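Naming follows writing order (A, B, C and D), and every chain is counted from residue 1.
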Amino acid sequence: MIAESMYQELILEHYKHPQGRGLREPYDAEVHHVNPTCGDEITLRVKVESGKVADVSYEGQGCSISQAAASVLHELAAGSTVVDSLAVVDEFTRLMQGRGTVQADEEVLGDAVAFAGVAKFPARVKCALLAWMAYKDAVVRSS
Amino acid sequence: MDGLDVERIRKDFPVLSRELPGGRPLIYLDSGNSSQKPVQVIEAMRDHLSMHYSNVGRAHHALGAESTEAYENARDKIAAFIGAPSRDEVIFTKNASEAINLVAYAFGNPLNTDERFRLGPGDEIVITEMEHHSNIVPWQFAAQRSGATLRWFGVTDEGRLDLSNLDELVNERTKVVAFAHQSNVLGTVNSISPILARARQVGALVLLDSSQAVPHKPVDVAELGVDFIAFTGHKMVGPSGIGVLWGKAELLDAMPPFLGGGEMIEAVWMDRSTFAPAPHKFEAGTPPIVEAIGLGVAVDYLTDVGMPAIKEWEHQLTGYALQALSEISGLRVIGPRSVVSRGGTVSFTLKTPGGFDIHPHDVGQILDDVFGIAVRVGHHCARPLHLRFGIPATTRASLYLYNTTDEIDALVRGLHHVQKVFG
Amino acid sequence: MDGLDVERIRKDFPVLSRELPGGRPLIYLDSGNSSQKPVQVIEAMRDHLSMHYSNVGRAHHALGAESTEAYENARDKIAAFIGAPSRDEVIFTKNASEAINLVAYAFGNPLNTDERFRLGPGDEIVITEMEHHSNIVPWQFAAQRSGATLRWFGVTDEGRLDLSNLDELVNERTKVVAFAHQSNVLGTVNSISPILARARQVGALVLLDSSQAVPHKPVDVAELGVDFIAFTGHKMVGPSGIGVLWGKAELLDAMPPFLGGGEMIEAVWMDRSTFAPAPHKFEAGTPPIVEAIGLGVAVDYLTDVGMPAIKEWEHQLTGYALQALSEISGLRVIGPRSVVSRGGTVSFTLKTPGGFDIHPHDVGQILDDVFGIAVRVGHHCARPLHLRFGIPATTRASLYLYNTTDEIDALVRGLHHVQKVFG
Amino acid sequence: MIAESMYQELILEHYKHPQGRGLREPYDAEVHHVNPTCGDEITLRVKVESGKVADVSYEGQGCSISQAAASVLHELAAGSTVVDSLAVVDEFTRLMQGRGTVQADEEVLGDAVAFAGVAKFPARVKCALLAWMAYKDAVVRSS
């Protein structure tokens, strides 16, 4: 079973029970990202307070990978510092774009390491990255 | 089930006996997206490229004569296949999308001199909510270029065209009505005569997007009575890079040219040009030569099997599939649930037994990776139709002459497994 | 002559060892019209069609991934081949003609919002008298659609661009200058920098028709510095049905879309759409998948032989041909008579020793039927250039990497025979 | 030698010494026909007087086949009756479009029978027919 390795328990868990879902006030920036090849969408807001990520709230539709990725992102970023969270985004991006050949840094990634299996499926990498790219964009716009 | 000899047919398609990585067999249920190719088509293309190739029309030497003859023979074959009154009504394009754009660009074109293709503010274009993007966006552009208004038929809950407002929608201001012969999502086969009759009453032209019809059943343009049909080679066991626009000779003559370039001209001066008659008027530059030849062989192949037999086979498969899928709890077919006026394209959504929506991408991924089943997932280039049904995406199984009931059984087993993974 | 191993190369092209009816060998001197294909390209296409084919982009299953990867890899290869700063600047079209039309339709398009592509009365488009129809007619259409004025550079008796009025011709009103990188009749290689520099001064965009350049010498778009180049697969040992537009990313972003349809969109509603970024914005519908893959392999092939070696080989052949042809009395080369800034395309007229004009069709017919020599005869889709020289047609021999001096000798013998027949 | 059979002595003779060439007055109809694939052109005039073809005059450019065919046409049509000349045109057309499989009627065709070899070359058939189609067109317009 090739794909099943992609559908880790943890991903399914986040998919079925998304963390921090919903759009909340207040926020500094809101972005809307779309994956045109599959129609996955996310609207994402960030609230930054003196270098800390006060909230990441989002609403979206899409496959388990994209939705779970948003949920995991929320867990990792909310409460963290902007700088730290962007380091996690970079490491996650590196992992996803590594075509399955990159060794993930569990220290940095935490739960997000569960997505390692996705990197082998180029068509799904965009799903995993959708929320994370939206987050990066929102942080840039919030400053 | 009887009908055609599906085992013999399957042997003609090399990829159908392929093993995918991990030892999975291939179960190809994505022919509505693009069909596989029989060895006859592949070898004809190879032979031409190896031994007979050169440019067409303009080359007068031995190879030029062979290439030109093969290319123009392909036109004859396609004309015969769709019952075109004249071979000159068959225009080779790169795909169905180009064919539709070609017609859309004729409307409201400053170079146009014919009243029927005049388009401006106050004029209307009518399409439908079940169109493929390739039969939506070109008309949005035409409307935006000209200031005309784009309007559309709605779709019923069952997935049929809602013709209740036909007389209001198609009216004296309507210049053209463009709609799908068969929906690439719902499978719905649209009935043409009421729309055509109304269009004739008000003097509007009618284009049929036959991309999902010509591959699957006998189509005769003279019988249809419409003005244009568009279709595409890669969905009918032909190669990529080739599509067809058929249009009534008299309209093709009246239309302005679209792409300018070599071979579509009669004479060129620096400041003006005159044009060749159709079909060449619309075939600027070196055409997809080997691709047209391949499509000619594809048409031979389909004719040999027999279009009525293909239609009947798909009809049986579709009945079988609708029945088998309806037995999966949590599966909802988007489109007609009976085989009446419907082709072998079945789109659906899937829930776990617990009522949790499983996203089509996840369905497709597991079907593919675990069972080697190729279906299409997403909006299938028909986003407005999905918006209409309030869903972002569906999973679509689309059947063709080489599919079997065993493959449908495998799909059903696969879907049960998907439900387990997400259960 | 040294350079490349022509005998080894010839073995890669199956048709070159073909015998024509009547036992004639094939002497193919018509590559400027369309080139032959090496077995590597033919087999790659066959392999893909047999075992890996499906639609690209939209298909998420195993075959879809293989097809998409092969298709997008081809884009990478072509980007590298022409030194494109980004792969997203490489747009697949069906041929060079479509590529040029794509750019021409961006000008004066009501959907356009960018000042640089605005075109209307008072604005000017500049082309040249040596263009192929594919770089004339699209601009005539653009002028006619918008009310802009079409102007052009003249050609000198020697077959060079007459740049004496450059500063007047390219002026503040000029929006775009489009010209041939290398003439398909004269063989002339145009010098780009003076025209480009003047265009930059006045803020005009520059498109280069590189259809006859990219197949024959190293081309690096970053070095060229122009805004767009167009070229075509079938002239560079690739398949029919595939062409390329390269454009600067920033301009492609600014341009309105051209053909509407599947895969060029971001989101579609019934009344409006948003679009994918380039290159997909300009690739509506199912692209020529296997053709792009074939072109990728063609580019590998040319790179393996080495573009500098190909250029040098053709340079030597051209010198040999010019010398040999100049010894035929009554033969007049149309175009530069020296190898300086000229490629391997030699067009000429022929008289009998008695001074009687032999029509190129008669020349071509006898060369072909008696000797199996394939040349092109006519105006080669460059009628205005022939009008400029006061001749209706020429005979054209065009050379490529697989040609030999023996073949040029055969041409010379053939031409002597033609003179005898009409003598 | 395949092609040489096409270049009959008689065709070359007509090509080098075209009969009746030049545009003359008076005329009832003038037509201009073009063969776009090769650029051959002909301007042709006819003068009909009570059922007889008083003159066929022409000017054109093109290959030996197209020019010789015009010259032969002049010889056959000028001085003949309209009805007879159209019968020759029909027989000539039949021969040309026969792909080399049609037996020519020498009685009807006279010198034009020399073109029989052309029928085997589809690309050249249009050359041979150019003047003849122009003639037919002109006769129709003159009435």
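Details
In this text, contacts are C-beta pairs under 8 Å (C-beta built on N, C-alpha and C of every residue); 3 or more make two chains touch, one makes a residue touch a chain.
Here the structure is a predicted model, which is why all the values come from computation and not from measurement.
With centres computed as the average of Cα coordinates, no chain lies farther from subunit B than D. The chain pair C-D and the chain pair A-C differ in C-beta contact count, and the higher one is C-D.
If you average the CA atoms of subunit A and of subunit B, the two centres end up 37 Å from each other.
Computed centre separation for the pair subunit B/subunit D is 46 angstrom, with centres defined by C-alpha atoms.
Contacts with at least two other chains are made by residues 21, 58, 60, 64, 265, 267, 361, 365, 368-369, 377-378, 383 of subunit C. Of all residues in subunit D, those that touch two or more other chains are 37-38, 121. If you check the complex, the residues on subunit B that touch subunit A are 21-22, 356, 359-362, 365-366, 368-370, 377-379, 383, 386, 392-393, 421-422.
Subunit A makes touch with subunit C in their complex at residues 34, 36-38, 121-124. Contacts from subunit A toward subunit B in the complex involve residues 1-4, 6-7, 12, 16, 37-41, 61-65, 67, 121, 124, 127. On the side of subunit C, the complex with subunit A involves touching residues 57-58, 60, 64-65, 68-69, 265-267, 276.
By the touch criterion stated above, subunit C contacts subunit B in their complex at residues 14-15, 18, 20-21, 24, 26, 28, 30, 33-34, 36-37, 39, 41-43, 45-46, 49-55, 58-64, 94-98, 100-101, 104, 109-111, 129, 132-134, 136-141, 144-146, 150, 152, 232, 234, 239-243, 257, 259-265, 267-273, 284-291, 361, 364-365, 367-369, 372-378, 380-381, 383-384, 387.
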